[in-house]
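First the structure, then my questions, so here it is.
Think of it as A, B, C and D in the order they're written, each chain with its own count starting at 1.
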Amino acid sequence: MREDVEIGLGRMAQRGYHLADVALVPSRRTRDVDDVSTGWQLDAYQFRVPCVAHPSDATMSPASAVTLGRLGGLGVLNAEGLWTRYEDPSKLLAELASLDDEASATRRLQEIYAEPILPELIVERIRQIREGGVTVAVRVSPQHTLKLAPVVLDAGVDILVIQGTIVSAEHVSTADEPLNLKEFIADLDLPVIVGGCTNYQTALHLMRTGAAGVIVGIGADEWSTSDTVLGIRVPMATAIADAAAARRDHLDETGGRYVHLIADGDLQTSGDIAKALGCGADAVMLGEPLSMSTEAPAQGAWWHSAASHPKLPRGAFGTASEPLGSMEQILFGPADRPDGTLNLFGGLRRAMAKCGYRDLKEFQRVGLIIDGTG
Amino acid sequence: MREDVEIGLGRMAQRGYHLADVALVPSRRTRDVDDVSTGWQLDAYQFRVPCVAHPSDATMSPASAVTLGRLGGLGVLNAEGLWTRYEDPSKLLAELASLDDEASATRRLQEIYAEPILPELIVERIRQIREGGVTVAVRVSPQHTLKLAPVVLDAGVDILVIQGTIVSAEHVSTADEPLNLKEFIADLDLPVIVGGCTNYQTALHLMRTGAAGVIVGIGADEWSTSDTVLGIRVPMATAIADAAAARRDHLDETGGRYVHLIADGDLQTSGDIAKALGCGADAVMLGEPLSMSTEAPAQGAWWHSAASHPKLPRGAFGTASEPLGSMEQILFGPADRPDGTLNLFGGLRRAMAKCGYRDLKEFQRVGLIIDGTG
Amino acid sequence: MREDVEIGLGRMAQRGYHLADVALVPSRRTRDVDDVSTGWQLDAYQFRVPCVAHPSDATMSPASAVTLGRLGGLGVLNAEGLWTRYEDPSKLLAELASLDDEASATRRLQEIYAEPILPELIVERIRQIREGGVTVAVRVSPQHTLKLAPVVLDAGVDILVIQGTIVSAEHVSTADEPLNLKEFIADLDLPVIVGGCTNYQTALHLMRTGAAGVIVGIGADEWSTSDTVLGIRVPMATAIADAAAARRDHLDETGGRYVHLIADGDLQTSGDIAKALGCGADAVMLGEPLSMSTEAPAQGAWWHSAASHPKLPRGAFGTASEPLGSMEQILFGPADRPDGTLNLFGGLRRAMAKCGYRDLKEFQRVGLIIDGTG
Amino acid sequence: MREDVEIGLGRMAQRGYHLADVALVPSRRTRDVDDVSTGWQLDAYQFRVPCVAHPSDATMSPASAVTLGRLGGLGVLNAEGLWTRYEDPSKLLAELASLDDEASATRRLQEIYAEPILPELIVERIRQIREGGVTVAVRVSPQHTLKLAPVVLDAGVDILVIQGTIVSAEHVSTADEPLNLKEFIADLDLPVIVGGCTNYQTALHLMRTGAAGVIVGIGADEWSTSDTVLGIRVPMATAIADAAAARRDHLDETGGRYVHLIADGDLQTSGDIAKALGCGADAVMLGEPLSMSTEAPAQGAWWHSAASHPKLPRGAFGTASEPLGSMEQILFGPADRPDGTLNLFGGLRRAMAKCGYRDLKEFQRVGLIIDGTG
């Protein structure tokens, strides 16, 4: 068992490690880059790269979801974002792209997201993605699942994503009838991805709901303020490794049901992606990195869903002066900068080759090293 | 028992953790925000939020103490501050609010606080707060308790706060008759809050004086220079957890006397508050966060009591360009910035809900995680 | 055995220490600086200082390789660098020296290195170095060893350096016939240096190929981006100490074959050099420090080989306003700045004297101390 | 025994703690400031404060040594500094005070210190200090002790300080007859202070030479570059605690000979001083803090002796825009800034009172706490 720390008399704390704390250790074998596969399969759906888009309005429009799907990843549209609140959000997105004062940006986000969600727009957006010929995935929040999921499902999606900052298998409420994830998922005949979660127990309970995939982490990056506002910070290397232990135990208790782990947080560079997968994730959920593509709907602006919360926003707002490159260049290069933000999956592939692994499942066993002194 | 560190041959040191080192770990359950209670009760006094004002002239005037009381917290006026030295300190406060040179600020504070304390003003200030219809709490220093407490008590307060940087149950002096806290408190029939203290032993001894509440910490924030000047630094997560162990042991040795822990230090954001309570505190003492309200008497200026010491000032002086919001907005939102400085107790409430806890006593058991590598 | 860390349930990571984490502890004896020897011998070749040049175009031209050899170190020319792609690369080097925009620098490097390698230029460059009367060492990459090594060997070198970012004794490829290092080295009658590697296992396997020297590390310095792009970061103190254990075990399993360890990475100052040797290295490979000499071909510009990769560059580009001093002054002083960048081996010598050691082999046992808290 | 760290297979390192890592923990008792004594006695000499001046030309002239002595500390003049090389160094000191380019400062220091030492000036300087009516202490380097000590002793000093960066009881030299400290000290009838040293073994051996005091540390502060140039860094809390263990063991092996520990390094503020004494030092050696006094000969400029080394300078050069205050104000206040640089020993006294200790010997047992995570 893990060695916990006694931070005060009788009060224990777990030790957590961030992806930045971790590095990969090559094995005694190396491989050709061309012999390495980054393929990923979730249920019946195959992907060239283990890349799921963070369902943020800054990255995912119907059009960019199609682009990502065609490139071999999985686009996810937010059923509760601007595309389902506004007939044409492009002016708003352009306005956000040009904001430069962070304080007023929060207020503007709060105003913009105060508009109600229109079910007919959900149907329309799903139709647009489906016409692109790619796997269709849509995100709803746990709070609105019972209301919005029927609309989403009727419109015909391939994968449903139920995602909130922190999602548990057991939500307690004295007011409303809470969502019973297990019953809800059992009634569906499509794969569901659910999360985020931060630890072994919650991950295991979410796996037991019948989800095909569990999101690990809360999407935190340098723009996130969950730690400052809520006191919640998720060291992703530990969160992923703990969830991988839950995946192993769930595999055992079910006699073979494999639930995919999708890491969401601390992911900026190809090195981060390699570390997340090396710690045990099956795929990564990318937000800000995709917001820097020429296809990104908000032209380089980036914010978290929680950044628009009407009373307790939790996320800063940032803009980029110009895109880094096309989505294809961001995913597959060629890179003309050495900072790991371009050719994300070429970088992953090369890391796997240098460490000596052929595919992602093998790569989950790569050696790890952490800095001994902070 | 805790594992100490041998810093040199035969010389041990305890390991201490700061609130910033700690984060909360959600449990496998989540709750509705509206089902969560942040209520706190000290002796017969009930509070909507576990918020005690740091008795600083920068935050507490008679008027702002009333405002805080009406909002559901506990205002505390300093019986040895400007309001009891000057008939009308508003000009001085305005002058301080406009100072911008830190070095000269220290000298100006030293001059301003050289004025003697006037007992009749103590009586007058207490009357003003009482007229506001809120719980009346006043702070005296241990050195002046024997002289000033009678004035304070005669004027009629509900709660007496005896607070110095470091207070012990056993002050040794060859010159004066020192304050015997145990005898002093036994003679009173009102609840006394006493502190600050930094460790298990001192906390336990302070509890044995009969105090209703013990202040844990020395109020340190980024403006404090106790570490630089005195070599004393208090890792608050550890100090709170150690004091909570003392609370537990005192509960056992007395067969049920529960002494409240009021955390004082490292508290800037709602996340910090959630962490302090999660480590075991019953309430938090807020200084600088309240100094940023429109009701703050020094209009955004902030300094510690020790910053005006005539020979050994220990605390920097800071000013804010404009207030963050009303005291109500600071405590309860809505926030229009994502940095955890607004809606402090809405943030606490949401943290409790996301972690799955109903009330503050339950929340003291929330899971904790620390960064494994600095 | 080393105590590993459980970063998540069942997932272990090794702890790694950087040279910056480590410091030398003097013994109870001190020595005269003039009694200390920094001499190093690899196979039949003797060197005044344990200094091998990083085979970078920024530091090594045929001329500067000769200069370093005459000063008592080992120059190494890159057989795959600009000097073997261009008849006269001096204009390109001058252009690089004057670049100041990092982003465009990467693109320019990519263009410049797209030019093919010309075997006749390899022969010519080797001839130039040989005429200088120094030990001739040339670097080839593992990928091009089978093609280029015959050219290099025919041209007559003393030491062959087979160096890539990560080299293993077992490269797996489905496309080409991979290089079998063991067979390749067995057929040669000159000493081979091979690397880099990052851990005990790979170091031991590389030693078993018959190499005379093994490069430990991946040349990382502040311009390297291997961690960001690939997730690979090498804490050098640990990598060197682990490789020293492999050297010890290889010595035992072979009954006396001593393989030299050449540390490559984290080396900027004389203090860094002393630490690397104190951790167990036999020699150091210097890149950027030599790029600051007046003899450096790129006049202060510095980049890694991997910085010019056509699709996945891994290394930033830097320029210096003016050289620090001659190569002699950089190696042997006198220093007129106190930052450890001049008189590198005078600094080493003095460190050895103050710690009480006579020669490099003894110095590998020097006491070490690390910072207890990050 | 202390738990060492295995930084690589079979390679151990000690853990070291800096004063900044450590903080004092108050006991359950507090005291009046006026009941606390900071008195220190070395051999027959009594001091009001445990303050020894670093023998630097930046702080110690004959005049400032007298000033410090009259204030209750111990001034130490460097017999190998500017005052013994130049009849009147005041112009040079003024020139140094006005230098602002660090690189040229090193070269200028090298030039200025190239001048030979004049024995007659040593005699003259000692006479000047003696006339001031204070305890006379002079520093010589180990290398020049045999040559210069006779001059110093004939001129009549009270305390001899033999100080180099690293001094051992066993200096090995093939060239000169090395200084045998034990024999040398045995022949003297005045107390000798010797150092610096960095660890238990060296401290114990230096104690066995018969020294009255041992200097712990190498005087490192933010201007020192020993780590960068030599790879030697001394975590002072550990060095002091280890030397205190040597003092204890030496006391036992000699049946009662108490050797004083003078901490030299990491000392900028009153908090640092309190920590050094709390870790076990008997006194502190102050350099840069005294260089900021109005009496400092170089008017705020500061450099280490090693900063003028002709071939391997190890120390940066800094200047201050204006003095902090008189030496009296620096030592005893009143402070008008809150950063711990004024009223150094008033700060110490208050720290002792708040922690509950009466004198320095008791205070060596004060509780310590270190930051758990870097």
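The working rule: a residue touches a chain if its C-beta (ideal position, glycine included) is under 8 Å from a C-beta of that chain, and two chains touch if they have at least 3 such contacts.
In this text, all values refer to a predicted model and were calculated from it rather than measured experimentally.
Chain centres computed from CA atoms place C at the largest separation from subunit B.
Of all residue numbers that take part in the contact between subunit A and subunit C, under half occur on both sides, making this a different-residue interface. Look at where the CA atoms of subunit A average out and do the same for subunit D: the two points lie 56 Å apart. Distance between chain centres (mean CA atoms), subunit C to subunit D: 40 Å. Taken residue by residue, subunit B touches two or more other chains at 5, 7, 15, 17, 21, 238, 370-374, whereas all remaining positions touch fewer.
For subunit A in complex with subunit B, the touching residues are 5-18, 21, 103, 106-107, 110, 165-176, 197-199, 201-202, 205, 225-235, 238, 307, 310-316, 370-374. Listed in rising order, the residues of subunit A touching subunit C in the complex are 2-3, 15, 17, 21-32, 34-35, 200, 237-245, 248, 269-275, 278-280, 333-340, 343, 346-347, 350-351, 354-356, 367-374. Residues 5, 7, 372-374 of subunit D are the ones that touch subunit A when the two sit in their complex.
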